[in-house]
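I'd like to ask some things about the structure below.
Chain naming follows the written order as A, B, C, D, E and F, and within any one chain the residues start at number 1.
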Amino acid sequence: MDAEFMENLIFKAEALIEALPYMQLFSGKYFVVKYGGQAMVSDEMMATVVADIVLLKHIGIKPVLVHGGGKEVNEMMRRLGKEPRFVGGLRVTDDETMEIVEMVLLGKVNRHIVALLNRCGARAVGLSGGDAGLFQARVKPFSPGGSSGKDVDLGRVGEINWVDISLIETLSENDYIPVVSSIGADSSWESLNINADHAAGELAGALQAEKLIILTDVEGIYQRTEKGTRFISAIKEKEIRTLIRDGQINGGMIPKVEACLRALEQGVARTHIIDGRRKHALILEIFTDAGIGTMVTL
Amino acid sequence: MDAEFMENLIFKAEALIEALPYMQLFSGKYFVVKYGGQAMVSDEMMATVVADIVLLKHIGIKPVLVHGGGKEVNEMMRRLGKEPRFVGGLRVTDDETMEIVEMVLLGKVNRHIVALLNRCGARAVGLSGGDAGLFQARVKPFSPGGSSGKDVDLGRVGEINWVDISLIETLSENDYIPVVSSIGADSSWESLNINADHAAGELAGALQAEKLIILTDVEGIYQRTEKGTRFISAIKEKEIRTLIRDGQINGGMIPKVEACLRALEQGVARTHIIDGRRKHALILEIFTDAGIGTMVTL
Amino acid sequence: MDAEFMENLIFKAEALIEALPYMQLFSGKYFVVKYGGQAMVSDEMMATVVADIVLLKHIGIKPVLVHGGGKEVNEMMRRLGKEPRFVGGLRVTDDETMEIVEMVLLGKVNRHIVALLNRCGARAVGLSGGDAGLFQARVKPFSPGGSSGKDVDLGRVGEINWVDISLIETLSENDYIPVVSSIGADSSWESLNINADHAAGELAGALQAEKLIILTDVEGIYQRTEKGTRFISAIKEKEIRTLIRDGQINGGMIPKVEACLRALEQGVARTHIIDGRRKHALILEIFTDAGIGTMVTL
Amino acid sequence: MDAEFMENLIFKAEALIEALPYMQLFSGKYFVVKYGGQAMVSDEMMATVVADIVLLKHIGIKPVLVHGGGKEVNEMMRRLGKEPRFVGGLRVTDDETMEIVEMVLLGKVNRHIVALLNRCGARAVGLSGGDAGLFQARVKPFSPGGSSGKDVDLGRVGEINWVDISLIETLSENDYIPVVSSIGADSSWESLNINADHAAGELAGALQAEKLIILTDVEGIYQRTEKGTRFISAIKEKEIRTLIRDGQINGGMIPKVEACLRALEQGVARTHIIDGRRKHALILEIFTDAGIGTMVTL
Amino acid sequence: MDAEFMENLIFKAEALIEALPYMQLFSGKYFVVKYGGQAMVSDEMMATVVADIVLLKHIGIKPVLVHGGGKEVNEMMRRLGKEPRFVGGLRVTDDETMEIVEMVLLGKVNRHIVALLNRCGARAVGLSGGDAGLFQARVKPFSPGGSSGKDVDLGRVGEINWVDISLIETLSENDYIPVVSSIGADSSWESLNINADHAAGELAGALQAEKLIILTDVEGIYQRTEKGTRFISAIKEKEIRTLIRDGQINGGMIPKVEACLRALEQGVARTHIIDGRRKHALILEIFTDAGIGTMVTL
Amino acid sequence: MDAEFMENLIFKAEALIEALPYMQLFSGKYFVVKYGGQAMVSDEMMATVVADIVLLKHIGIKPVLVHGGGKEVNEMMRRLGKEPRFVGGLRVTDDETMEIVEMVLLGKVNRHIVALLNRCGARAVGLSGGDAGLFQARVKPFSPGGSSGKDVDLGRVGEINWVDISLIETLSENDYIPVVSSIGADSSWESLNINADHAAGELAGALQAEKLIILTDVEGIYQRTEKGTRFISAIKEKEIRTLIRDGQINGGMIPKVEACLRALEQGVARTHIIDGRRKHALILEIFTDAGIGTMVTL
């Protein structure tokens, strides 16, 4: 064993030791991780995200994943000759579309994540929010606002009104990692299409999670000022409201900050929006004081 | 309350009481039910099957469902412009087909069964055999036999070599009803297409189930004799071998009897092939001495 | 299997399925059943009552039986040359009578019920309220009222002032069915003769039972009106007080309604007085929306 | 506090300390105590026996009592105008006699012992061997031998063929003291009259008890020799056979030694026949090296 | 067995029975016993104290021992050439002294007590208050008062500000007897010298113990009156304050009464200062109504 | 966050991920670590050893420490005017020496390690092998061999003949880290001086530990060959015997290899002798494929 190799090893050992206080802090706590869509850019990137999650499990944290899969749904719709349609950022979801959403999310995206986790030695279990009353939802009322003022029928787009965490608890306490597709069930157990960020926020809140971490494909929240664009590493509710009003937070970032605020209201300690394309983003966020991405607090 | 109404009620009460000895006999035991495909003929029929299963749960039995969905897979393949192809009764499963199988089974058939169960007040959870090492499988070697003698590459068609029952146990003991799609995972956690009858047989064996019940769309096994066709209500392994050799058991019935024999070998007490289109077929089988369908024993 | 036989079976299966919502509703709850005396008319009738109770056990309900046995006590007293004597409906219980009460209730009536239950496959255990502090009682003060105004010494007639449910809980949670004779123990652990209806009411209250069901030998409560006699299927406390004042509720029905009211005050959800001579009276009451007999509520 | 009082106290404290090694030895073990009949001579004597048993409970031993009550049965039979009849030491038990046996044992003798125990602060529960399959018995075949050679129908006299200890275990582990009447149930759950010594021996064997202690009204076993009568403090199976053959062990002592041998065969460590009329006989036996009475070993 | 020997045995049996009500009263409760120093006068005396404690364990009480060892520390200091120094009754504890305190208490006094207990058949475990956060302490601020008014640096003398009882609970519930040296740990886990009486008082309070018993080398508290010296068998807080003011309670008795009051404030039921040189002092205190020593109450 | 800092972080994250397979492999297993003496060279070095052990705990391993402390004992003996004496590498241990050994090991070395662990956020508990029957030992028979042939009385030097692991299990399962001084108790619970390497080997064997790791102050085992000195990274029993015979393994290394062999014989999977002066030696050994030091196998 030459000296350089040894030094390298020692450097690595120190990395483990540095993580110790965080292990002690977070042991036994739930971490809800929103993953999917834009953050799932390449198999290589996904492999590091997934390894990070398995690591969390092994040091005593209880990770739970929530995912959507808009891009994959669009693709399958087009293969089946249907053009995706959106109003106000929400997918118009007729019954046939709902069927496609369910097949793509549960049969493809969810399985992909589960297989990656299992390949890392985890015991992952794929779930739908429709399993055993997990995401109890209703059709989301929708007024797009604007001058027209006409209500738009988005079809089977839903919002969660109750989360039954007992299935997640049963699985987490038995050392499984639950991976949940953002699908809900209405009161007659018909499926509803739920925004995955919102689903993650509600689940984190219901679990009284220690952290909600939303992995996405930007570094976090930016603010345009006179001096140029500034990265925001920590932001509070009030500033978020201002930035939304000013249109600086917009598009897909809006459900993300809404999910953070919803989780925080229900008692989640910390919420983060971070860049899932960055190698080991989760570990960097969790095991360093500095953290990465944007932390959202009340 | 008039007399006739009352008499009717009393008659029903007696039906409950008659079921008592069977409740006592089967309490706490696993029943594996193969459902799906041909047996899922109409929503009305499915409602009675599902209600029967929820009843089993409530009187202390632990039901576990396994399903396939060949017809639905064919349909979706055609919608996506792929013609289903079979060799020796087995679906040729290239990678794209495997993806479709997974989407249809997990995103459609499984969800349909789960929703029906939940609508009956159960707490059903949909699973893939790829979850947490449930169905550990390998590519099935296949020689079609015959004069050609050439091996056929069926692609991702698999057979189970190990069942990890811990996930099923965790869920059953916490009062959930597991509904498992007949998909396995190979040693690199890639999905394999498993025959649903075989999957049910292996799972019943691994769980040391009390019963394996295969619901199908015929009454059971028939035998052609000189005097005409005779229904067989109980059959042993040896006779099965003879009937297979004679071609009297053929086609889709072959994996069913194989599943029964495989389960019996591993210690399952009784196996049954019954007609799922018959109203309350499960209850009739379980709660009457006569039983219905064909019982297969060693 | 001919068609008629089959149809009959299906009809029975449907009876089981109809009971499903009630099973879901009552699972894990205590049902206290007052049985004995007048309701125990024939072995055949007793067999159906007992089968009903065993059925309750098997679908997850926790039944507890309480019984008296006035008629059998009278008979034994006469065989031993003692004439039973009653004041205001209460048995004058000298020490020798108390000994006879205990022998008859514990050694005869209780054993009869326990044997019937065990014969049905249950694991029944006979108890006295004097076991392990179950019914802690005191001598009941008694002023018969009327012009004479003299206090009457009823001897060892008692009323319960504390129920220690831990023995019932231990047995019920271990799947035994407790059968309790209506005998209490005073503070020096001497036995007291307790009215069995009252004992059932107190036990139901202490257990926070879902239901108290008093089986008797009339259909329920009747009211005489100008138009003739009317059966009352549901009655509230206030009306009961009126009917007692008018003498329409009298005799042995008084302790029954008192027991119901006492149980209701302590939080029992529903109480019923039903005709134990009717076949499967318990199942009819529990598993039909209509119910039978008279339901007493606050 | 004067010196003499103090010295007395210290002497008592030393008695407690001397018992320590026995407490350590017997902690968590079952002790089956046959009590009743001749040993129950006076309330004062019974009070010391019962206090001893409650003490055993408090130092970690699990006492279980078994009792008969021949004398009390005879008395009640006579009061009811029936003359008790015995053949070969066994009570001829017609159906009416069986009913009397059950009433006297369960309603009188059992309750007396339970009340005494509860008065000492124990939580005693009276049981019949007919509860929940505790003593599963059959009619005892009986040939009295002798010249006549005719079989005698003893009626409902039984012998135990299976003991289901689960009820005793449930109660003992929840800190109750079970008090069991020597009544069994045949396969149709009809009661049978069991010899109480035999019942105690079978129960001790089934429980793998540490000790079987039979309390009686003689000091133990005596042997007549040429030099006079000799008390035997320890005896082995072989000698017992000899003494029975010689008629030196006879009458009521025979079932006692049989019970000891039967318990020993099934693995009970030690069995003792001791004089229940002696004050604190149980404690003297258990907490002194010398012991009292006759110890029977294989 | 001669009559006198027998009578003696019966007398002893009665001593056991007399203790029964106390066993019932104290079963499952914590008793904290301060032992050590002056009370540990001879091996013979220690043997009786230790046997008493093992007896408590065997009858269901949970004893916990706390000890100091001033005399042994002084001795070792002198052997190492250091003269012990005290201010206001407190040992001046420089770092080297602290090291000696720790060696003597943990390596000598604690081990002596543990060995004696184990020799009696107990499973004793020696602990430091520094183990797993048991005694969390801080340096005790100290102003000796008087004319000089100068603060004195006592070095590593501490007082407890938090007791983490989880280690004691884990051990007690697993049938071990914890023996704790009166050493605490400050917030950087450096050891502090804690007064053993105070440590016992704080531990009793934190455990919500039934009793705190301080064994010492005087009979209890005395009061000088005009008529001579009077032994006080029960005293209340107010009188204690008076006796301290009058100088009648002084020296080593002060921390003892302080410990009693501190325990009482936190909910301990009774506290006692008794003479550990008296044979079986603990048993006499616990198992007699009269008790011995001085009982301190609020 | 600049790029270099980020890269550094990512490098560290990768170190954590690389450890993942080892975490999965060792989760829930016991690791016995012999520490102390020569390996405890500086506070800085000790801090890294201790942090490594706390890390093991946090990733699901159950570490148990065993320590001696020869150097510290020598020092204290000299301070007390006693010259340490050794025969055949074993300390001559008269009673006074034994007392010093106990004070130094339990009161000094053990406390030092416990405090270091607690400072790292662990819940460490110091134990003696004399606690609750942990190390049951006997005086070691000793013949130094050689020409003289005379037996030498080494005094209180012992060897373990039974390890009672229940205390270690209780503590480990409740998340404490046990730190055990190498002291045993003979059958009269007198202390014996046990070689710490041997103690660690016996404990590892009794616990069926996954690994025994002996930390020392050399890199491992070396072999002198004609070509010079060669470091041995893996060695088997047979070679060890040869090297001992050749005198190449000698002195303090002999008990270390003996301990390894003894542990292996009892089923320990792997044993290692590694250099405790090397920073993070434990982590390097456990979390790298190469490992460090010498691995001893059967």
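FYI, a residue touches a chain if its C-beta (ideal position, glycine included) is under 8 Å from a C-beta of that chain, and two chains touch if they have at least 3 such contacts.
Note that the structure is a prediction, hence the values are computed from the model and not measured.
> Taking the mean of the CA coordinates per chain, how far is chain B from chain E in Å?
Result: the chain centres lie 70 Å from each other.
> Just the number, please: Cα centre separation of chain B and chain F in whole Å.
Chain B and chain F have C-alpha centres separated by 57 Å.
> Among all residues of chain A, which ones touch two or more of the remaining chains?
Residues of chain A never touch two or more of the other chains.
> What topology does the chain contact graph adopt: line, ring, star, complete, or other?
Shape of the chain contacts: a ring, since each chain touches exactly two and the loop closes.
> Could you give the sequence of chains met when travelling the ring from chain B by way of chain C?
Starting at chain B and heading to chain C first, the ring runs B, C, D, E, F, A.
> Looking at the complex, which residues from chain A come into contact with chain F?
1, 9-21, 23-24, 27, 48, 51-52, 54-55, 58-60, 120-121, 279-280, 283-284, 287-288, 290, 292
> Quick one: in the complex, what on chain A touches chain B?
Per the touch definition, chain A meets chain B at residues 76, 79-80, 99, 102-108, 110-111, 114-116, 118-119, 123-128, 130-133, 166-167, 170-171, 174, 176, 185, 188-191.
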